[in-house]
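These are the structures in question, set out in turn.
Two complexes come next, and they have one chain in common, subunit A, joined by subunit B in the first and subunit C in the second.
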Partner chain A sequence: MGRSRNMDSLVRGATFAAALGLFILLILLPLVSLNQYAVREGFGVFWDRLRNPDAVGALRLTALVALATTAVNGVIGTAMAFLLTRYRFPGRKAVNALVDIPLAIPTVVTGFALLLMYGPLGPLGRFLGDHDIQVMFSFPGLLLGHVFVTFPFMVRAVGAVLESVPRSGEEAARTLGAKEWQVFAFVTLPAIREGIVAGAFLTFSRSLGEFGASIMVSGNLVGRTQTGPLYIFSRFNTGDVEGASAIAILLALASFLILLGLQLVQSSGGRKAEVA
Partner chain B sequence: MKRLFVLLVVALFVAPHAYAEPIKVNLHSCCVTEDATTKEILPAFRKYYKEKFGKDVDVSASFAGSGTLKNQILGGAPVQVAVLSSELYLDQLKEKGLIASDWRKNPNKGAVIKSVIVFVTRKDNPKGLNTFEDLAKPGTKVLHASPDTSGGAQWAIFAIYGAGANFKNLSFGPEDGGVKLLSAVEKNVIAQPESARQTFVQFDAGFGDAIVTYENEALLEKAKGREYMIAVPRKTIETEWKVARIDKNIKPEQEHVVSELIQFLYTAGAQRSYARFGFRPVDSKIGKEFQGKYATVAEPFTVDDLGGWQNARKNVIENAWKKTQQK
Partner chain C sequence: MNTPHLSLENVGKSFGDRPVLTGVSLEVQAGEMLAILGPSGCGKSTLLRIVAGLLCKDRGTVTIAGKDMEDVPSRDRNIGFVFQDYALFPGKTVRENVAFGLRVRGVASPEMNRKASDMLDLVGLSEEVDRPVEKLSGGQRQRVALARALAVSPSLLLLDEPLSALDIKVRERLRREVAAVQKKVGIATLFVTHDQQEAMELGDRIAVMNDGCIEQIAPPREVYQNPATEFVARFVGEVNVLPGKLYKGYAYAGSLAIRMPDPGAEGNGGMVKVILRPEDVSLFPPGVREAGQTNARVHAVSYLGTHFRVELITEEGYFLAALLLRNHGQSDSITAGDAVRVGAARGSILPDPFGAKEPEYYL
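Right after this comes the complex of A and B.
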């Protein structure tokens, strides 16, 4: 008995060490090497690269697109999550499976599909073109690409919470005479808040790093339609590895803080729920 | 005793095998040369080397934008020979100690193939675009790749600038004819994808009236059956791809294959292969054989007319072009 407990702790220890070791090797070390490159020429150069107007423009655009994407998917994704968890309709399973498709499609293909749809070859694109509305190679094009690529995050995060929230609260509110919008705003929404926050954080982070669809639909114009990741790629290709690393570090750090924030929000939410 | 026997048997099998092992050499070549290189030149070189020296060689090649390839070599890719679209990349490799020899000492200062910058328009050229000045007309939508990632795009920008410039008086200021033309054309540029190939993807999807690109790329698209038109501007730039040995990566046993391979690229056979895929050969005799394939440029110029690669990159791209990108 004592021996098997020893074995157990040995196995546990080994698993722990292996998981941590692999995590360090596969995930942490690449990030550390990025750091080394970014400050290789000193902090002055690092700071200088960050202050470059093209870099600032790219980061600003990235933040704006990520915010807009989060807002759009916050609404559409939540609605979709409701549809999938609260209603039974023919084809529900198929729709449910389709929601995750953006994760499986190479993002470059997503970009090309959007070009075909909104370009002069598609009927919608022709209609927009006739009315002088340019969707691709501009902010709306980027937004469409990012909304597509990040779509599953909101639906899944909200869906998971919706599944676990008992409907008794909503029914009680209805019994007490609340109107449907009141039930939604004062009962359902607070109950799924955690899911919405989680989905928003994930969507935002994913949007910050989006590359494949962006390079197809943005037009990649320096200082105008070039996002952070595209700027990094072009810096790397011109041989400015310090510049590429500096911006990359900033984006990685932003994602890290966002995800860390998500953990904090979730754990405090969890504690509150326990107290209640 | 038994162990010794096993060792002997192993040695018997391994030794001759090691001896006959083909010599491996890696070639990095600019993405647009992929078809010509893999379909014709490398198989021909293998055959040539086997027949002449009785040994098998294994040349593997990798293709990407020249900037990407240069970064891979800087990052330690085991490459012995590189064919790149910009001298600047070779200079950078030399600065970092990867190239020790003088690649300008190869024939034609290292240039193995040439082309010119042209533009591609839609079927029947509905907007009547024939010169770079036409691309500056309001309402014209132009595509070229990003000069940050594509060597071809750098040539394209040189071509537009040079078409408007007076080579005897290059000031690169706002009154410079080249800068004026470049700014006017850049106002019409709707997208700058990563590479020349990607530009065609967007053009195929219906975007843009014209792509500024290499003649060989344009010929390749036509060969694929696309009904695009090639417009050869009256005044445009001649482009070159240059070859260099990456000395730092060459082991003694690879030495002979590397120098043979570089010489082979200049042979009539290899030059014809390049020509079949739309490049202009540097060997003028071979060039004559393919004369009908290429349009004549009335006023061709070279990067030397813009002050050489270093100056052209600094003045035309980092200075003049960069300014046109501000809103």
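Right after this comes the complex of A and C.
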């Protein structure tokens, strides 16, 4: 009896120590060293590096792309989730499986494929180019890559909530005379709001850190198509470790805040659901 | 009777290759409450959802107020629907829930609020108008659902097991309230339930459903006392089913004579199924048996509060259940093993001859 309790506490202690060790080795120490590099020459220099026009441009582009990606996937991801959970149609299972493809394909492959299709080498790219529409090495190309890579997040976040929302609410609205858009706006949308917010946070933070697809489709043009992560990579490659660190710290901080926000949203959502 | 408010003709529906409704026809008159009674899985909810336009039928016609409902969406059918889980809109107040149907129809605010208040008065919830629906009890939610359905002044009210999620006390009280509201509004109502007591108390008529079709539509008394099929007989209450031989207005199960409600309608000598309710079985102290009685031995006695339920085996070997009122002379002393005389008041018959199935009703 006493022995097994000792064993229990031993196992618990070992698990805790292992988890703590991994946390320190994999997350905390790298962040600390990042921090050290970023502020090694003092906060003034750190600040200057952040204010470097190329850095500011990269950060602004990152934020813009992430916002646009979130907006686009907010709409089409929600629509897809709605389609998959509320309708039965032939091929539904196949479509459902395909939604997760972007998680399985290496992002750099995604970017490469988009580049071959829409770039100067691709038939569609040439056709669009002839009509003065340049998709690759520009904002639309980045958006396309990010939308593809982050597509599953919104669909899954909204889909999970939709599954748990009973249809009788929507049906009740219909019998009460609501038109389909009213059913969606007054009944469905309020019910899945938390799923949309969670999906938006996930999409946004994934887009902030996107690298593989971005480097292929953007051309990494400084001040024009260079996003934050690409800026970090380029600076590091040219030996500017401090410059890379400054932006890296900022992106890490942003991700951390988003994660915190997501936790807050989800825990308040959970409380509300309990009351209902 | 004038033209019915709702009429279904030969409505059929399958899920995949599983038939759920196999040709259902019924009519609901203006102001009438028709209860659809059946076991779970008999298709009664499916039928209600088809009437509401929430589900497409495979064949047949649905006519509401003289208008064919083919291709008419739910929102244009002018119905009120109360769901089993109430389906209230979360995060909204009682008033907002009740006013929803008026809001989506673009009714002006003052008119909308007046109507919502009227409805909440009707169901006795005027004190709760501004509370969020999450704070209400089950019974209150059910009343909000009813008020919400009635607020749009529908011509037909559809209730899908509206009381089944409540506990028994609340259920019995609300049952009467729902009946009162329905009569007050005077709305044609189709009401689905698996609870035979609910159907009896609420329904002007009862449609008993089994396996996708209706076995009988009749007033509660008729369904109970003169069931059309053995399924109906068994579903609306406990029943003794005995093989009987017709003779001069009586059916004889052995020497036990059961008076038929409609003597002379049947010929003499034919074999029939006799439907005998336990409360129509009478017990007498042992002695010389009179004509039409039989001797029996008490097999078991159970106390049910208002009644004793007595299981008997007659001298011919039939198994009989009898209900004895608590104040019956013998009820306090009767125990298993006692000898009794048994008589029968009235019963009904089903024309099906027993044929080879006879032995299964013997012990």
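As a convention for this text, the second predicted complex is superposed on the first by the 253 of 276 C-alpha atoms of A that agree within 3 Å, B and C clash if a C-alpha of one lies under 4 Å from a C-alpha of the other, contacts with A are read in each partner's own complex, and residues count from 1 in each chain.
Methods note: a residue touches a chain if its C-beta (ideal position, glycine included) is under 8 Å from a C-beta of that chain, and two chains touch if they have at least 3 such contacts.
From a predicted model like this one, the values you see are computed outputs, not experimental measurements.
Placing subunit B and subunit C on a common subunit A by superposition gives a fit, with no clash between them. In the superposed model, A:F16 makes contact with neither subunit B nor subunit C. Once the two complexes are overlaid on the shared chain, A:W47 sits clear of subunit B and of subunit C alike. After overlaying the two complexes on the shared chain, residue contacts for A:F137 are found with subunit B alone; subunit C is out of touch.
In the overlay built on the shared chain, the residue A:N237 is in contact with subunit B alone; subunit C does not reach it. Between the C-alpha centres of subunit B and subunit C, as viewed from that of subunit A after superposition on chain A, lies an angle of 150 degrees, to the nearest 10. Using the contact criterion defined above for the overlaid structures, shared-chain residue A:L115 touches subunit B, although it does not reach subunit C.
By the touch criterion stated above, A:R174 is placed in contact with subunit C alone, subunit B being left untouched. Applying the stated contact rule after C-alpha superposition, one finds that A:F127 touches neither subunit B nor subunit C.
By the touch criterion stated above, A:V187 is placed in contact with subunit C alone, subunit B being left untouched.
After superposition on the shared chain, subunit A has more residues touched by B, the comparison being subunit B against subunit C. Closest approach of subunit B to subunit C, taken over C-alpha atoms in the A-based superposition, is 50 Å. By the touch rule above, subunit A contacts subunit C in their complex via residues 166, 168-169, 171-179, 182, 186-187, 190-191, 272, 275-276. Looking at the complex, you find that subunit B touches subunit A at residues 65, 67-68, 70-71, 74, 92, 146, 148-149, 189-194, 198, 201-202, 205-207, 322, 325-327. Remark: subunit A residues 112, 115-116, 119-121, 125, 136-137, 215-216, 218-224, 233-239, 241 touch subunit B in the complex.
By the touch criterion stated above, subunit C contacts subunit A in their complex at residues 52-54, 73-77, 79-81, 83-85, 87-91, 100-101, 104-105, 134, 148-149, 152, 158.
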